[in-house]
Amino acid sequence: MVVVVKKNPDKEQFENLTNWLKSLGVTLHISEGESNMVLGLVGDTSSVDIDLIRSLAIVEDVKRIQEPYKNANRKFHPEDSVIKVADGVEFGGGTFNIIAGPCSVESEKQVIEIAERVKKAGATMLRGGAFKPRTSPYSFQGLGCSGIELLIKAKEATGLPIITEIMEFSQLPLFDEVDVIQVGARNMQNFELLKELGHTRKPILLKRGLANTIQELLMSAEYIMAGGNEKVILCERGIRTFETATRNTLDVSAVPVLKKHTHLPVVIDPSHACGYSNYVKPLALAATAIGCDGLMIEVHNDPQHALCDGAQSLTPDAFDDVAKACFALRPYSCRY
Amino acid sequence: MVVVVKKNPDKEQFENLTNWLKSLGVTLHISEGESNMVLGLVGDTSSVDIDLIRSLAIVEDVKRIQEPYKNANRKFHPEDSVIKVADGVEFGGGTFNIIAGPCSVESEKQVIEIAERVKKAGATMLRGGAFKPRTSPYSFQGLGCSGIELLIKAKEATGLPIITEIMEFSQLPLFDEVDVIQVGARNMQNFELLKELGHTRKPILLKRGLANTIQELLMSAEYIMAGGNEKVILCERGIRTFETATRNTLDVSAVPVLKKHTHLPVVIDPSHACGYSNYVKPLALAATAIGCDGLMIEVHNDPQHALCDGAQSLTPDAFDDVAKACFALRPYSCRY
Amino acid sequence: MVVVVKKNPDKEQFENLTNWLKSLGVTLHISEGESNMVLGLVGDTSSVDIDLIRSLAIVEDVKRIQEPYKNANRKFHPEDSVIKVADGVEFGGGTFNIIAGPCSVESEKQVIEIAERVKKAGATMLRGGAFKPRTSPYSFQGLGCSGIELLIKAKEATGLPIITEIMEFSQLPLFDEVDVIQVGARNMQNFELLKELGHTRKPILLKRGLANTIQELLMSAEYIMAGGNEKVILCERGIRTFETATRNTLDVSAVPVLKKHTHLPVVIDPSHACGYSNYVKPLALAATAIGCDGLMIEVHNDPQHALCDGAQSLTPDAFDDVAKACFALRPYSCRY
Amino acid sequence: MVVVVKKNPDKEQFENLTNWLKSLGVTLHISEGESNMVLGLVGDTSSVDIDLIRSLAIVEDVKRIQEPYKNANRKFHPEDSVIKVADGVEFGGGTFNIIAGPCSVESEKQVIEIAERVKKAGATMLRGGAFKPRTSPYSFQGLGCSGIELLIKAKEATGLPIITEIMEFSQLPLFDEVDVIQVGARNMQNFELLKELGHTRKPILLKRGLANTIQELLMSAEYIMAGGNEKVILCERGIRTFETATRNTLDVSAVPVLKKHTHLPVVIDPSHACGYSNYVKPLALAATAIGCDGLMIEVHNDPQHALCDGAQSLTPDAFDDVAKACFALRPYSCRY
């Protein structure tokens, strides 16, 4: 951390500052310029409140130099993490997986039919919403427990591992046979939930919040990892911008940025990013090309009657086409 | 809702669409133009999936006309809601309250000292964090239960009603003697929590999420109200933009927009919006002028040693000055 | 256009509105609902001020249905436009071109050396800044006219057509031998410049502004086309968001959205979008995969001494690698 | 400027970097930490390309410490600038002016009538658009020269100084009798125009771009001031965010931030910020309260027939009310 002190600071305030910094266990290097003085803070600065320092009368500016995350940091873990979610299904380390399935689980027939179709097309995991976060209290909120039971039936029928979203941690016991627990964008900073998931040993797929920076995504991963659960898969699903032609703006740059800063695998969800089924294929191809470790795509056998988010769901036939195109392109994609 | 159908639509698809719409209980008015046809949907369209319709091949565009919220809608409740939080302390209907206190509760001495000072300056409610949502797992997370106990002691000592943040609903029993439960910006779309709070009869202060629209804030209020709890106070606390000179960008326009669309009281938190104590006074004055129903301000007796968010806290002396200025300006502020 | 009128509107105001609308030459279709009335406006509504109508006391909401652009609209020109910029170099209609060259032209040796290298790697047009828009008045502002002369020398030496940016229209005479005139992001809504370029018959590469919507980009293209110049190439180069890990956020979704709404070719500039040379390759691959009609990439033979934007420039060797990867991936990319 | 170098950097690259920095005339202070080395750059770093340094293989991060503007910087000019625009009309130094008038000048009768009304209500300058930047080429583009002539007639009739927008610098001779030249938001980074205006000695009102940071606004002011014209008035008029309930989001925080960093006066335009006449009064009051040096408000005697931006215009009666409310509140507003 670097603290820029104004020219000719009040002596007492300056001493207070340096004493306080030393009391936090950091060493100071002072270099004096013409119009201000620069304090270089050396040591573990993760507990120093940067905003507090910035607010002091004698301080002109403060800059953090080290990343505030440790477990998720590639610097301390240069190799890609490889996260096994089921026999033969691993994320990271050069693999490429497509997760597919309906937005909401609706019936045994629906979920098994879709599971069979996406498996045939090359998907290696089944997604399906049981607990659904909906903006409106009057929208369908998901089948809940029985939705999870239907997913488990589809898992038994097809052998595909399953992923579904948790909404709050009292639901945890229901996730025993779920292979990957999803934390949705709206819960990315539900820190109580993250802490609790840190105590499990289940793989977690953590979605980036609509207005969260890449660094905040990594800090939320750090919450889970700090609890001892290192099996975190990150997911970019679009951020909120002023553009209204798509529901959100897919930030594909998040992939190279994350690959630089973390060893965790990165998945992209083009369905939620754009909100329209006709844009899913182009975005899935861009995501594959930029070298993400997997895709998460909504598929529905009857999008016109889907209980939620039907607009962004592909038909099984359209999914066949998308998966084929992505697998064909994959050998030419970026590698890190 | 208005659906724009492309010129010469496929007949079968068009019939499917109109039949499906009718099956949802809405009536259709068709008006044909030169280059497209407009379907006017009359009736309760809150359950119609607008994105789904938009994705149909024969549809050019869809527009929602009615607001998707009911309980929070001023149209159906033209008078301001007045929410009583304690004897003599009401929000809405022309009142103006300042909520003040430390970011985090640290000790009995600290919280009582601050409570006494802010009461003397005119504050009518004491705020203080017991459970703290922090971006980093390595930052101070609040005193938890014992923090709430200290707040209750300050309430007993000063008579000020208290407000503190809930992080997840298993904490609810701890809030028995808390007068207003705060839902933080990061939990604005924690729908499970909102539903649960809808079953209580406690006043709820609901903060707008960093990247949430005003309409989404109202939909979250609707979640609480749909459960039967109509005591919701809304809070604008800054949204995320590209500007970096302030922590967030205070959206003062939210006040007149909310006053138009809802009968619920609106409070502004200038401390979190800017992130720097030296900008709190200007923002508090702007917020007062635009006619909000109250302010929420961080005050600390020793900002340099505050355990969190010290940078945005005022000293009690600075708070005296801000409160005085706001009370003086209040008679000249906007009324709705 | 659809106007939603409040229930039981003031009769005189309602008549004023309908008379005024008719005076603009549009036909009205009225459909009455339970809680409001919907006016469907049929005819050319491009001159109707939507915001004005929205502000009327009796109006609840207004929605535009038709796109406000004509010449750029794919609806009226379903085939891709193919824009010839030089013998054998065409944009649109299934071609794929890479434009490459230095941020700023610095010397004859520099620009010819780079031109030869990028040509060898497969680039079909040379870019190079002569007039440079710089945030600071103290930064290098480009070589101006002599920069254009150097570009022309490189064109003579290599046969590559050239593109360079115009800053205001008094510079137009200097662009006689320039093959494509670039309008930079900051000038996307410099309407006087656009009008003037509409009177030329030169191909124009129009960059999207940092905070402009896709529809606004098309409206700016419409300015040029309305003047009679239909040779417009659109360029996405990153938009401004809250994310700070990259200079801007590349909005790859702009490609499928533009392909849906316009027949004009679309180029992506990954260099300006990210701002860092190490992210150029991943973004170039994503852009190729999503089916853009070309790329625009900064290349410098000595990035450490580049006079501007060195940080985002590739070395010629790095460019070889990027071009090769993009050409290899191109056959697997999205087509429209 | 502070450069953070990675641990154990390549020796040759490190020497190249330090030699190059020294060649730019800056002095280096090196402080070595455990996991990296910090170079403090002392001297004039305004010509150092921060992005270039950041892209070097051995560099971990770079931070700028000094603001990149000089003439606009309060540090070097602690007193408020006072800009005289006409006899008895000054901006800055504690004054408060309201600029009012129609979006577009339409006729002599219209502009004189409005001028008389706003003067009576306390406005001290008349605004009116002659050259209008419109998103659509099919919208009314203003009366041009004859619009300026009508403004001059209104000036003669009422004695009010006048302000109108310039679109490009060939129009400059038409502005001889205009008292303040406005640079619109879309031209904030039209650097050729700014340079040219720097050579005049007319007061310039510079509007913040829709997606420009406060620092970029100051850099654009610096362009004008570097040319020798120090008469710059800054104007905040709303920035682009994800919120759609208002046309833009008024960033009131810009006032205290600008007051801290610059000595130039700051005006707020609530009409363009919100886009709806019914939100102008609340925003004008907030702007007054936060201590801006003036307001700029659209007034039209027949908003329903205004040729442009009618939706955000007040009637003269409504303006009377707003002006009165702002003057009444002004004594209680924030001072710097």
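Per-chain residue numbering starts at 1, and chain names A, B, C and D are given in the order in which the chains are listed.
The rule is simple: a contact is a pair of C-beta atoms (placed from the backbone, for glycine too) under 8 Å apart; a residue touches a chain by one contact, two chains touch by 3 or more.
For clarity, every value in this text was computed on a predicted model and none was experimentally measured.
Peer 1: Using the contact definition stated above, find the chains touching both chain C and chain D.
Peer 2: Shared contacts of chain C and chain D: A, B.
Peer 1: With centres defined by CA atoms only, which chain is the most remote from chain A?
Peer 2: D
Peer 1: Could you tell me which pair, A-D or A-B, is linked by more C-beta pairs in contact?
Peer 2: If we tally the contacting C-beta pairs, A-B comes out ahead.
Peer 1: How many angstrom lie between the centres of chain A and chain C, each centre taken as the mean Cα position?
Peer 2: The mean C-alpha positions of chain A and chain C differ by 31 Å.
Peer 1: Just curious, how far off is chain D from chain A if you go by their C-alpha centres, in Å?
Peer 2: Centre-to-centre distance between chain A and chain D: 38 Å.
Peer 1: With centres defined as the mean C-alpha position, give me the chain A-chain B separation in Å.
Peer 2: Here the centre of chain B sits 26 Å away from the centre of chain A.
Peer 1: Out of chain C, which residues touch more than one other chain, so two or more?
Peer 2: Within chain C, the residues that touch at least two other chains are 211, 240-242, 244, 278.
Peer 1: Would you mind writing out the residues of chain C in touch with chain A in their complex?
Peer 2: Within the complex, chain C touches chain A at residues 211, 213-215, 239, 241-246, 249-257, 260, 273-274, 278-279, 281-283, 285-291, 325, 328-329, 332-334.
Peer 1: Using the touch definition from the top, list the residues of chain C that touch chain B in their complex.
Peer 2: 2, 4, 29, 31-36, 38, 40, 42-43, 60-61, 63, 65-66, 211, 240-242, 244
Peer 1: Under the touch definition given earlier, write down the residues of chain C that touch chain D in their complex.
Peer 2: Per the stated touch rule, the residues are 16, 20, 46-47, 49, 51-56, 68-69, 133-139, 141, 167-170, 186-187, 189-193, 195, 209-211, 216, 219, 222-223, 226, 240, 247, 275-278, 303-306, 308-312.
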